[in-house]
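Pasting in a structure now, in structure tokens, and then I'll have a few things to ask.
We call the chains A, B, C, D, E and F, going by the order they appear; numbering starts again at 1 in every chain.
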């Protein structure tokens, strides 16, 4: 019954990688807390780099500097 | 003043259906808790089936199996 | 499979009222979009009035003015 | 280390305006609570006006009425 | 830089179990997407069973029935 | 109409500091995007240090090390 929301920048995660995140986090909740995987919900949000800030600036600006 | 976030898979909900969710949940909060509808905010997120997991797998995979 | 998050101020909603919100929003999603109620998840967050702001001020301050 | 999520309607905010929101809120958390800007994360979600409701109706409908 | 929010019912997860969720999901994002663990943020919300609904009813009610 | 959610660790923010965050972020959205402060909603979540992770470990553990 857990609900997990994963937010990452939109920078090319593939369907396979997203499926791996979903299965991995579902298994983690089962292993650590005994949560039923059948009702574990995982939602991945991919966010444009213009819309993600860290250190007071956008990821777009950081990527241009090579960070 | 309540804030409601509804997350559904992106599978063709129409503007009319989304308007119906917004009016319905606003009315529910008014009826049950007496909340002022004028300041009730509702945000609907439509999520790609590749980005939604349940039971450890993506909805894309489940839909292919007919679920 | 939808996920709904309802945020309200912590001002005495009873367990019965919260149960009514949960059943009401689940039924709404079934009626409007045909969503399976068995996998619809609803999470209610009750937020202290010191931690909720509208119009640039906290709800605590507004309540003191009788709003 | 704070995490801030800003949700606005998708109505033409420019990259510069979004960068200004990110730097402004990061500075606010530093000034008010002494939070380290290097680990402050800000995520901006732009939401279609069909998917945003207030007063029981969508912003799309309100905009048509000139609100 | 990812942000992960894990919501579970408040039913006795220990600090050690929560630490294990945090390290596990951080490692998962590093392994699958190469994300830097130093800036991966994980927030766990523990929600009262009165405030969590599935199948149109609260978890409190389900637990009483032995589910 | 914007909605802002600020998550910080629960480490003694005062009501005055929280009021300052609310007024500050509301003003920021007015200045940058012309948003109406009357309908800007801000919700502050204070999260236990056991429930907040960064760098793969809890803030509780980091605080013990003096970070």
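Note that a contact is a pair of C-beta atoms (placed from the backbone, for glycine too) under 8 Å apart; a residue touches a chain by one contact, two chains touch by 3 or more.
Since we're looking at a predicted model, the values are computed, not measured.
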{"item": "Path length in steps (a step moves to a chain that is touched) from subunit C to subunit E", "value": "1"}
{"item": "Residue-number overlap at the subunit D/subunit F interface, same or different (half cut)", "value": "same"}
{"item": "Separation of mean Cα positions, subunit D and subunit B [Å, integer]", "value": "20"}
{"item": "Approximate Å spacing (C-alpha centroids) for the pair subunit B, subunit F", "value": "25"}
{"item": "Junction residues of subunit E - those touching two or more other chains", "value": "1, 3, 7, 21, 39, 41, 43, 45, 52, 54"}
{"item": "Pairs of chains in contact (touch as defined earlier), listed by label", "value": "A-B, A-C, A-D, A-E, B-C, B-D, B-F, C-E, C-F, D-E, D-F, E-F"}
{"item": "Residues of subunit D touching subunit F in the complex", "value": "1-9, 13, 17, 20-21, 24-25, 28-29, 32-33, 35, 39, 52, 54, 59"}
{"item": "List of subunit B residues in touch with subunit A within their complex", "value": "7, 45, 47, 50-58, 60-61"}
{"item": "Of subunit B, residues touching subunit D in the complex", "value": "15, 18-19, 21-23, 26-27, 37-46"}
{"item": "Residue numbers on subunit B that touch subunit F, as the complex places them", "value": "1, 3, 39, 41, 43"}
